[in-house]
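Contents: one structure, followed by commentary.
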Amino acid sequence: MSGGNGDEADRVASFNAFRSRMNERILAEDNQVIRRFFSLDTQTYRAGALDVKTKELLGLVASMVLRCDDCIAYHVGQCREAGVNREEFFEAFSVSLVVGGSIVIPHLRRAVDFLDRLESAGHSAPPAHSHE
Amino acid sequence: MSGGNGDEADRVASFNAFRSRMNERILAEDNQVIRRFFSLDTQTYRAGALDVKTKELLGLVASMVLRCDDCIAYHVGQCREAGVNREEFFEAFSVSLVVGGSIVIPHLRRAVDFLDRLESAGHSAPPAHSHE
Amino acid sequence: MSGGNGDEADRVASFNAFRSRMNERILAEDNQVIRRFFSLDTQTYRAGALDVKTKELLGLVASMVLRCDDCIAYHVGQCREAGVNREEFFEAFSVSLVVGGSIVIPHLRRAVDFLDRLESAGHSAPPAHSHE
Amino acid sequence: MSGGNGDEADRVASFNAFRSRMNERILAEDNQVIRRFFSLDTQTYRAGALDVKTKELLGLVASMVLRCDDCIAYHVGQCREAGVNREEFFEAFSVSLVVGGSIVIPHLRRAVDFLDRLESAGHSAPPAHSHE
Amino acid sequence: MSGGNGDEADRVASFNAFRSRMNERILAEDNQVIRRFFSLDTQTYRAGALDVKTKELLGLVASMVLRCDDCIAYHVGQCREAGVNREEFFEAFSVSLVVGGSIVIPHLRRAVDFLDRLESAGHSAPPAHSHE
Amino acid sequence: MSGGNGDEADRVASFNAFRSRMNERILAEDNQVIRRFFSLDTQTYRAGALDVKTKELLGLVASMVLRCDDCIAYHVGQCREAGVNREEFFEAFSVSLVVGGSIVIPHLRRAVDFLDRLESAGHSAPPAHSHE
C-alpha cells in the first residue's frame, strides 16, 4: 500500500528531496566503505561497451524484479533522460513482469504512475550523482 | 513503515481506487505480453481441481512470504469473498510466518489491519478482474 | 544447475538421509531457540481450522515462490501423503509460477522430477517429524 | 517511496503506536503457532554466548539485507538501547550495503533518517516485548 | 555449493538435457495456465521496440540479481547467440553485482564458468523454445 | 537438494578450489567496476569500530537469511578463523532462523555440515583475499 494513493501533491519532488537530503547525511559520515560504494554505484552506469540507455534499462529491470519502488523510480527517471520511449519502457516492464511474476504488479503500477507524472509535469530526472 | 499508521481516512478504498486506475492505464498500453500476463493471472485463480478458496489461500500465503502488502491486501479481500473465516485466516498467516520468519511480522500486522477494516466497514473485495 | 541432472542413483533417498542426519546433529546441540523453532515448524502443519492437505499445499507454494528446492521436495512428499493428486499438484504449481514468475521454472522442473520419482519408485515421504 | 518523505509529524511515535496496537490484535487471537512464534522471537535476542548488542546488530543486518523498513527501525531502536554508537551503526550499515547491494540504499536512507530522529528527539526504543 | 566444482564431464550438455526432458514432462500435463505461461515466456524475448540482444541482457541481469543459476545459464547462452561479446557480458555482470551485492558473487563465478565452457567447447545455446 | 549429500570426497577443498580459480578468471577481466567491488568487499570486513569477529558474524547472518550456501560456507570459515566458538555459531544460526524462517533450515543443515567438516578435518579457511 506504500505510496500508492494519488492524492499526495508531488510524489516526484518529495521523492527527490528526501533522497538528496539523506544522501548528504550518509556521505557526511566518515565511513569509507559506504562512500566508495556510492562512488562505484555511479561509475556502474557510465557508458562503456554498453551505452547508458542499455545500462539504465538493466538497472530498471533489476530494480523491478527485486521490487524496490525507490530504485524503480530512480531508474525510470534516468532511462527517460537517456531517451527510452514509452514503448521501450513497457517492453522492459514486460520482461520484469514475466521473470518476476504477479508479485511485481503493484510495483509496475507505481512505476507507470511515476512515469506518467514525469511525462505530464515535465519533471527532470534527479541529479546524475544520485544513488538508486 | 509503509501504510502502517491508522490515520488515513480509508485505506481500503484508496487502495482499490489506485489499483483500478493504474490497471486501466497499463492495459490501455499496446503491450501484448503484459495484457496476456494480466489475463493469465485472472485465469490462475478460477476453480479447477482445487476450489477458489484453496487457490486464494495459496495466493495469500505466496504474497505473505514474498512480503508484498498490496498483493496481501488483494488476496485477503478475495479470500474473504471465497468464505475464509477468521480462524482459517490466522492459520494461513501462521504458515506464512513460520516459513517466512519474523521478517513477515510487519506484513502480518498490515494484513490483520486490512482484514479488520474489511470486516468492520463491510467493504466489498475489489472487482474480480483486478490483479494482485 | 543444482541437483538437476538425472544420473544420481537415488535423489529421494540421499535427500532423506542427509536431512535426517543433519537434523539430528542440529537438535543435539544445546540451543533452545533452534529446538523450539523445529518443534513449532512441526506444529504448524497439524490439522486445525484448515486440514493437513490444505496446509501442506500452502507450505509447498510458499517454498516454490521462495525457491528452495529442499523445502519443495519435502512438501511434495508431505502433500502426496496427504492425498494431493497430480492435477492438484499442477494447479498449486501454476499459482506458484504465476505469482513467482519464470524464475520459478527451474524449481518447477525439479519439483516435477521429484514427484515423478516418488510416484514411480513408490518412495514414502520423510518421517512426519522432519523439517523442511 | 514508502515512508520516505519527512513531512509526517512523528514517524517514530506513529510507528510504535501502530506496532503496539496490531501486536495486541494478533496476540488476542487464539492461534498457538503465532503466539509461540512471537515468544520465540523475543527469546532469540536475549543474552547468551553472544551479548544483546551483538545479537541486535545481527538482527539489524538481517533486516537490512532482507529490506524490511519496519524491522530495520525496530532493530535500530534496540541497538541504540544496547549501546551501539553511530560509528558502529555505519559499519553494520556498510556490511548490509556490500552484501545486499545498491538495492539496500533506499532502506539505508530510511534507517539513517530513523536513527537521526531517535537521536534528536530523545525517543526511547519500543517496549522490550515488541516484535520486529 | 551447487554446481560449483569443475569435475563434472559436461555441465552444459547435462543442463540442456535435463531442461529439455523436464519441459516436455511439464507441457505434457493438461494444465492451461502453465502452458500459457511457457508460451508467454517465449514471446517476451522476441524483437519489438527493444531488440533481442537487449531483451536477453535484461533477462540475464534479472536472473543474476534474483540469483537463479539455471536462469543465468540459459540467458548467458541466449545472449551469446544474440551477439553479446565478452566485454558486454562483464558490464552486464557489473550492473548485477552492484545492484544485487556480494551475495551475487557465487552466481557470477558460475556464470563466468558457464560462459567459458560455451566459448571453449563451441556449445550451441539451448533450442529457442526452451524456458529459463 | 544442492550439495546436500555427504558422499562427495571433499566438499571444503572443492569449494575452495573452484572459488579461487573463478575469482582469478573474473579479476583477469578488464572490468574496473567488478575489480573495485571485489576490493571493497575485502575492505568491508576489516577491523574498525566493530572487530573482525563481529563483522564476520554479520556477514554470516546476512548470508543465511539471503540463503546463499557458498556465502554461508565462506563466512563460516572466516568466523572460525576469527575465533567464533560452536555455541556462538548456533546463536548466530538461531537469529538467522527466526528472522528468515523455516526456509533457512536446508541452508542451516549445510552450514552445520560445513562447520563439522572444518572442525573434524582441520581445514583452514580460504585465503583472506577471497570473496563470498
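In order of appearance the chains are A, B, C, D, E and F, and numbering begins at 1 in each one.
Criterion: a contact is a pair of C-beta atoms (placed from the backbone, for glycine too) under 8 Å apart; a residue touches a chain by one contact, two chains touch by 3 or more.
From a predicted model like this one, the values you see are computed outputs, not experimental measurements.
The chains in contact with subunit C as well as with subunit D are A, B, E, F. Shared contact partners of subunit A and subunit D, listed by label: B, C, E, F. Relative to subunit E, the most remote chain by averaged C-alpha coordinates is D. For the touching copies subunit B and subunit C, the fraction of interface residue numbers used by both exceeds half; the interface is of the same-residue type.
When chain centres are set by their Cα atoms, the one at the greatest distance from subunit C is A.
Taking the mean of the C-alpha atoms as each chain's centre, subunit B and subunit D sit 25 Å apart. Subunit A and subunit F, compared by their mean Cα positions, are separated by 32 Å.
In subunit A, the residues that touch at least two other chains are 2-3, 33, 37, 40-41, 44, 62-63, 65-66, 71, 87, 90-91, 94, 97-100, 102-103, 110.
Viewed as a contact network, the protein chains are fully connected, with every chain touching every other. Taken in their complex, subunit E has these residues touching subunit C: 2-3, 8, 11, 14-15, 17-19, 21-23, 25-26, 29-31, 33-34, 37, 41, 62-63, 66, 68-71, 73, 110, 131-132. Taken together, the subunit F residues at the contact with subunit C in this complex read 1-7, 67, 86-87, 90-91, 93-94, 97-98, 102-103, 105-106, 108-110, 112-113, 116. On subunit E, the positions that touch subunit B within their shared complex are 32-33, 36-37, 40, 43-44.
Only residues 65, 97-104 of subunit A touch subunit C when the two sit together in their complex.
Only residues 40-41, 44-45, 48-50, 54-55, 57-59, 61-63, 65-66, 71, 85, 87-88, 90-92, 94-96, 98-100 of subunit A touch subunit E when the two sit together in their complex.
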